[in-house]
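Some structures are shown below for you to check.
What follows is a pair of complexes built around subunit A, which joins subunit B in one and subunit C in the other.
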Partner chain A sequence: MSGWHLTPAQAHDYAARRSDEITAMSVEAHLMHCAPCRSLLPADESWLADGWASLRDVVDRPRRGPVETVLASVGLRAETAKLLAATPRLYQAWLGSTVVVLAAALFAAYLLPRGSLMFFFLAPVVPLVGVALAYGRGGDPAHTLASVTPMAGQRLLFLRTCAVLVPALLLCTGAALLLPHTTTAWDAVFWLLPSLTLVAGSLLLGNWIHLSAASGIVGVLWLAVLGLVSLSGQTVPVGVFAPQAQACWGVALAVLAGMLLLRVRMA
Partner chain B sequence: MKLFRRAHRRAPSYGPDSTDPVLLTAIAAGEAEALEILHRRHAPWLRARLNYRCSDHDQVDAALQETFLAVWKNAGSFTPRPGDTDAGAWLWTIAIRQLISQLRRRANRWISDIEAEPYETIGDASAEDTVLLNIEHGPLGAALHTLSPELRAAIQATVLDGLTVREAAQILQIPEGTVKTRVMRAKARLREALTS
Partner chain C sequence: MTTALTGRVHLSGVTRRYGTRTALDGVDLELGPGVTGLLGRNGAGKTTLMRCLATDLDATSGRMRLLGLDPSRAPERTDIRRRLGYLPQNPDFYPHFTAFALLDYMAVLKELGGRRARHDEVRRVLRQVGLYDRRHSRVRRLSGGMRQRLALASALMGDPDLLLLDEPTVGLDPEQRIRFRNLVSRLAVDSTVVLSTHQIEDVAALCGHIVCLDGGRVVFDGAPGDLLARARGHVWEGPGDPGSGLTSWRLPDGRHRVLTPGSPLPPGTAFRAVEPTLEDAYLLLVGVSGAEPAEAVR
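Take a look at the complex of A and B:
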């Protein structure tokens, strides 16, 4: 811009706060645009290193993802939010296969006569499989490490279960809404109570045996009962979801949840 | 999931000799080393200049830390003027604002900090700028010498540092009205000295 540049002596005077005000103003106006003159200012290496060290402390902290930010803003504690946000990594494959299975069920519902039965069979099992994978030696490669932390045990199990149930229930509701003949909100959530009951049952059973095995047993039982009902000529296994049956499911869920709570309290 | 995770911007290649805009693009993409280069390049002169505004070294250092943290968070908002390879003016804007909020926080800790306005580059090559670049050698230097320290400080804060009247009032610790009258009086005095 102008031919004028700082002399090294001026630069040192300025940096040491020895310049008079007018010179300082002049130097500042020049420094704003002249990089070579800026580098004339003496740099205090140890000060720079200290400054960078404390900056790096903040900068190196992992950035929070969107899920974590939302969870934290809802009022969850930072650790809980991080745990919930990290859990889906454990069951990515399950999430993918859930989408595929639900898509297949929808496909069948549209193309085969009475095809929507397939969705009735599968919707309660899908969250169950997710729960089986979310905790325990089978699904979590770091389970041995996690099991010795203060987080481990019932608390971790329930947190992970919540992290699985929310996407599972959302996906199932979405699929149910896409079923043919969905007319009322009731049609979209008829599978919800059976599904939750199965999950609660497998959690309770998980107190005595491995959680994956417990979920497997409950899931197989469910499919077997439904299969037997449809084979025995009773062509309406849909009755399992009828309003009267829903009342039974509700009672069963309440009982199982109560027993779970009792176990947790006693433990 | 993997697809979503890799989606954020790729950092450009950069080195200790890269220009500021390149470094800031890299910082926006999450490169901590680029911030280190920028810190090494700009922290010394920013510190020297802030030291003329505030004699408390701790506060200056704290303001500088906040400045570079703000750069780390807002690097994406830097938009260089075409052909400009220097972020000095932008950094100074952030630094002086951080110093002001630092001083304000110290002064009244119980009042929650008001969020600062978004950062805009100050110091477009205005007429004032061109004159300022020649302060020492032009007639302006002599004219400034005739001003009282109070008037000079008011001119310095509003013209050279590019602060608003409100910000100038905060850093000089005088009421806004006083800043206005001092700037007005200083300009009149300078005009007189320069035209006579």
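Take a look at the complex of A and C:
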């Protein structure tokens, strides 16, 4: 190691960014292992601490998963993306089984007489099952910890419901587009209003009983009504999705959504 | 005792029923800063009381005020939750998360705002519970004791004014328990800490106030010294079996320690009265059903 050290003038020039490039590189190399020369340079301790903290944060912060990355890239707040991505294991299992169920419904539609009925029966129930698993002790292993945080309750429930509804609606729409007789956009979304109405009904009922029980009751009621209609032979089940019926579904959805909002505001 | 407290937790006639079963029966409590030990046998109502204090359960009847707020009103409940830390019994997590990511997720739920500030808080609590070096380990790779410390770290985030710890030392090794006691005693200078436990030694080491539940009712509410005073003259040591159906257990030196909830041993026996421990006092209070009758100890 040479006996060379910075002169006060060199230190001052370096700090003021007036040193030429070669001198600056020599100074930096020297400063790395010479504490007395480092002390010649003015230092903003709080700026340095902040810089180190920022660097530590970059190194330490958890890596975003693919879902969180996609959600953040479409403009969601980082915190919201984190909450949406951290979905319970059962929710992920539901997503897998949704694909299987819809694939089975498509096979039935192509291979069986009146096979499309399976899709009519199941499409509105698929999001309902997801909602049942999205919030509460049954579907969320960390619910005990999460349930006493400020975000718990309606806010987290609605956030998780959105996390379920978006993929469910996309998958069901995709499956509807693949049905044998789909020719118009209407054919792809005829199930949407009934589905949203059932979800709203289950969320409302969830104010009084466990959400999974509420979703179970609503889902069983739906299947029972559709089953009875099919067995009676007086009306075809497809009538439940007819344009006149859709108006009723729309009204029911509006009423249920209004009651939900009222309930949230009164809570 | 209770009159000296400033009342961060105030319960008046709180009852909680599950169907026809009454888990809490007219509980009155007043807790201020410091550590309160919540004792009671299994099924006494400790966890139900903790869940009520954590705003996880509503009281069926009675009045509760936590941190000066009413938990039955949604906006006030949310405010309470912003100042609350809760370590539940048998906490569970997302196993695929790392320790850091899990706490970061919990910090978002706790509305600890700003990514940098949130991450700094996660680091702080990880250091407090001695898990900083395991911050990038997935939860499924952590031992039971480490998971318990992770749940404790989650409860500590945001410097809560009310800290509720349900069986916090389960799975901790002796060194970690000492660390836990030091941590809680530091926190209790400003915060109200409620420690529900079966570990009497933790209560003896930490608590300036004890509440004992039995059958959903408060059977003792006071200072450890008051509980010990009740037991004086009812704890004995001597050779052999005292007989007469009293509760006793054999000590390592072969003698027997005897608890006499009612009248003391008759004079003239070889047994002499000894200073009770907090465990003796607790056993006498709840009826010593957990110990073996003296005749069975041979």
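Throughout what follows, the second predicted complex is superposed on the first by the 195 of 267 C-alpha atoms of A that agree within 3 Å, B and C clash if a C-alpha of one lies under 4 Å from a C-alpha of the other, contacts with A are read in each partner's own complex, and residues count from 1 in each chain.
We adopt the following convention: a contact is a pair of C-beta atoms (placed from the backbone, for glycine too) under 8 Å apart; a residue touches a chain by one contact, two chains touch by 3 or more.
Because the structure is predicted, anything quoted here is derived from the model rather than measured.
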Touched partner set for A:A86, first subunit B, second subunit C, both or neither: second
Subunit B versus subunit C as contact partner of A:R61, first or second or both or neither: second
First, second, both or neither for A:A53, with subunit B first and subunit C second: second
First (subunit B), second (subunit C), both or neither touched by A:W4: first
Which partner reaches more residues of subunit A (counting touched residues only), subunit B or subunit C: B
Footprint overlap on subunit A, comparing subunit B with subunit C: 54, 60, 88-89
Interfacial residue positions of subunit A with respect to subunit C in the complex: 53-54, 57, 60-62, 78-79, 82-83, 86, 88-89, 141-142, 144-153, 156, 267
Parts of subunit B lying in touch with subunit A, wherever the complex brings them together: 1, 30, 32, 35-36, 39-45, 47-49, 51-52, 61, 64-65, 68-69, 72, 86, 88-89, 92, 123, 129, 132-137, 141, 144-145, 149, 152, 156, 160
Residues of subunit A defined as touching subunit B within the complex: 1-2, 4, 14-15, 17, 21-26, 28-33, 35, 38-39, 41-44, 47-48, 51-52, 54-56, 58-60, 63, 88-89, 92
Contact set on subunit C toward subunit A in their complex: 54-56, 74, 78, 81-82, 84, 86, 88, 91-95, 97-98, 100-102, 104-106, 108-111, 115-116, 119-120, 123, 135, 151, 154
